[in-house]
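Should a chain be cited, it is by its letter among A, B and C, assigned in written order, with residues numbered from 1 in that chain.
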Amino acid sequence: MSHESIRTAVQLILPECILIGTVCVMFLTGPFLLGRNGQASPGLRHRWGALALLAIGAAAWQWWHTTPVAAIDGPFLSDGLSFTIRGIVLALGAVLVLAAWNQLDDRTSAECNACLLALLAGVNLTAAANDIITLFLGLELVSIPTYLLLYLPTRSRPAQEATIKYFLLSLFSSAMLVYGLALLYGATGTTMLPEIVELLKATSLTESPLLLIAAPLIAAGLGFRITAVPFHFYAPDVFQGVPAFMAALLSFIPKVVGFTALWRLTALTSRAAAESADAVSTYMASVLAVLAVLTMFIGNLMALRQSNLHRLLAYSSVAHGGYMLVGLLAGGGSSGVPGGAALLFYLAAYGFMTIGAFCILLAARRSGDSIRTIDELAGLGSSQPLAALVLSVFLFSLAGLPPTAGFLGKFNLFLAAWSSGVSGTRWLAVILAMNAAISAWYYLRLIGVMYLQSPQPSTADAPTRNLPAWIATAVCVAGTLGLFLVPQAVWDAALLATQ
Amino acid sequence: MSSFAPILVYILVLLGFVATNLILTHVIGPRRKTAVKDMPYESGMDPVGDARQPFDVKFYLVAILFLVFDVELLFLYPWATAAYVDSGGVPAELKNLMFAVMLVFMGTLAIAYIYAWKHGVFKWR
Amino acid sequence: MLDLLKSQLPTLITIAIALGAILTTCAYLIYIERKISAFMQDRVGPNRVGPLGLLQPLADGAKFLLKEDVIPGHVDKVLYLLAPCVAVFTAMLAFAVVPFGPVGDEPSWMRFIIAPDLDMGMVFIFAIGSLSVYGVVLGGWASNNKYSALGSLRASAQVVSYEIPLGMSILGVALVSGTLNLEQILAQQAKGGFLAWNVWTQPLACLIFFTASLAEANRLPFDLSECEQELVGGFHTEYSAMKFALFFLGEYTHMITIAFLMSVLFFGGWHSPLATAESAYPGAWAVKLGVLFAKVLLVILFIMVIRWTIPRFRFDQLMGLAWKVLIPLALGNVIALMVIRQFGLSLWWSTVASAVMFCIAGAISTNASRAALERARSPLATAG
């Protein structure tokens, strides 16, 4: 690595530097704005929320003025993938800040907003990583603020249980990942991702048996983040215990980092990339295909039985992880729709619809911190028609029905899997379609509950006002519908990433 | 590596020294066990309860902070020995960059330190 | 095999000499300490065994070996036996990289350092030194005694806290010398002459290092882990005979190591006007050895005088001193030296910086303690 590349490295991560700088400011000034006994003046959270939005705006401005360039030999790169992921994450990060706005305590809002920003910076760093060390660093910069965010806002027993569960399992998965990456380094002798990818394409398993241990460890570590099936079991309990904005965050952010990291290590997973018949990716692709099928089926079938909305959306998030895995496995096929682009487009669409769903549950609540059970939804169509309509849009999108982004996203995934030319992905496409049909049942049932059942007597009191959550919801509605009506810009960006 | 050989020899000698001491005192000294000698010494009172009790969470906080600072120190040692030597250290064209990087590094540490102080981590009631 | 043994022959001789010297010195340090305490408290001190009580250490040693070795029934036997071994083992191992004489001038069959040319000398000492807390923690835990448990808990918090300023104060020296090798640090000071002693340019680092070392060694005023008035014996309440002596030996070895480090790092080691780096007259090495030992003895005596002069800290004061005073000062010292080296300023600016930081810290703490005192004096005002 030359001196020049160290110098230019900082330029490549300017948006993240802005975010991290704001985090430092927040942590530094936060404690000084509290009173002697740690109490805060009411309304302090508005200031911190505004500062967080400002920082995201500045980072987005910086992002907009970068142009994707081909890979260099530094620790970071700024190619199409990192450009697209940054855009998606900054936009949805702003939505998350809005969603969190009124769920935060004035006392801890500085720390919570700082953690949110740090976490967004972590996602972007993962996307910009050109080196397994920076990749791991980015992943940890996502995990560690997540623990704090789980712990800080609420002190209820379910929240504590969720925190501990997520904390221990996430640590465990990080440990597996770092062992896997260390072995990968041992097998290839370099930490630079492009070199690793080139080496892995040509290396067969018999030449380097270390990979046989490294690949499953990495897949397991990242599988936790994308809630692939054997590693999904924490999701429902955690989603149920935490505040709605955290559930929204957990359904989206870990998936983005997980899939980005898997993409960067594509030589481990993509059968299309393999040059040697015995390469590790041929095995891993088969394993991941099995995981994808299991993830889709188990996620959807379990979601059928849920009466708690957070749990239902957790299993829905598991199932969506499976759909996206199909896109990853379809890979950059030579003909038709590239699987990678379909995956990225789906990530954007999924972000808007799942975060939107949690936001509207948050915005339309009457008591507690959000709407949590299906029973509370009964009669929403007559008591809060707007909220019911908005939720229906998101549910349509999650089910993959037009006129929403979810439809285009699933359609792209299906086409990518069907046309990729990689053996076996056609079966995945068929299974994906089947699962979309299964999932439609439980999403549409919710709409039925909202419009066909009569409201419960206890829900008569007026909903609490939560303007930021409504703004977040509006953004998500715009995104969900916009990605269907004018998808070209996002699709172009996604295509750019696959080149 | 050969500069470690004396240390290995020294370790062996020390192990021998320690073992000899323990064995000698065990063999030479008299042994008369009584019930009172077998009890924990609590200034003459009969002991109540177990000595292994949960302790204050403060100690964990100190341990965590120690980890942060100690790992930071380990990063500083190689820098301190290589930063300003005439030959074989940091190349001249990187000196300014290194200076900036170290300032940022210590700055982040200082932020964490101020944060902890302000939140009363160093206060022992 | 024979070659290997032959090559390590000077090492073995050195170890034998060093170990013997340490043991004897430790024994006599205890004697000196008792005499000093007696002098300061207007008593006589040990005077029965031999002339002036000079044979007292021998009698003590024999007693340690011949007394009953009690292993109480309630202890965790393996850890209980392991603890004193760890304590003395780590303390003595840390001595391996300390040059206890003018390295290079010695006769060929021995050396004035057990492990020469170890580039990470100071890191080795810190690494081994931090292991010594295991002796205390294991001892306290294995004893299954409340006094011991409290003592070891305090000791662990104290040792880990003071480890940070200790390590940080050395960074300044490393920045100036560009090495952590003790022989080279010493050689550079000797080459530069009297004014090159690190203590002149880094008085603050010297003070921090000394204070933190005292705490690391659990010496009074930092002996919270074994304060007799509250905790009987602290972590070694349940220890007797030679196992007790091993803890003692570890502590005094630690003190000797500290004294050597102080002399070597900050006071120019064997360098003095009597014998400089250039002086080559016969017997120069003996003079250098004598000078170094004199410096070491002075430091040790100073430590002992402190013990009988300054009262023990309270635990919150102890932790406050480490975290709120020593660490910021040490960090400030590092940054000051870093700036000086970066911009090629004269090293004497470091003295100025030390003085300024010392005064600022003094002003802040005086102010803070005065405010606290006033709050304490008028409880009604704060209650209202």
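By our rule, a residue touches a chain if its C-beta (ideal position, glycine included) is under 8 Å from a C-beta of that chain, and two chains touch if they have at least 3 such contacts.
Here the structure is a predicted model, which means the values were calculated and not measured.
Student: Could you name the chain whose CA centroid falls nearest to the centroid of all protein CA atoms?
Tutor: B
Student: Which chains share more C-beta contacts than any other pair?
Tutor: Going pair by pair, the biggest contact count turns up for B-C.
Student: Using CA atom averages as chain centres, what separation in Å is found between chain B and chain C?
Tutor: Going by mean C-alpha positions, chain B sits 14 Å from chain C.
Student: Using mean CA coordinates as chain centres, what's the chain A-chain B distance in Å?
Tutor: 40
Student: Calculate how many whole Å lie between the centre of chain A and the centre of chain C, each centre taken as the average of the chain's C-alpha atoms.
Tutor: 53
Student: Within the complex, which stretch of chain C touches chain B?
Tutor: 7-8, 11-12, 14-15, 19, 64-70, 72-74, 81, 84-85, 88-89, 92-93, 96, 114-119, 123, 141, 143-149, 153, 156-157, 160-161, 163-164, 167-168, 171, 174-175, 178-180, 232, 237-238, 241-243, 245-246, 315-316, 319-320, 323-324, 327-328, 331, 334-335, 338, 341-342
Student: Can you list the chain B residues touching chain A in their complex?
Tutor: 91, 93-94, 97, 107-108, 111-112, 114-115, 118-119
Student: Which of the residues in chain B end up touching chain C in this complex?
Tutor: 3-7, 9-11, 13-15, 17-19, 21-22, 24-26, 28-32, 37-43, 47, 50-53, 55, 59, 62-63, 65-66, 69-70, 73, 76-77, 80-86, 89, 95, 99, 102-103, 106, 109-110, 113, 117, 122-125
Student: Which residues of chain A touch chain B in their complex?
Tutor: 3, 6-7, 24, 27-28, 30-32
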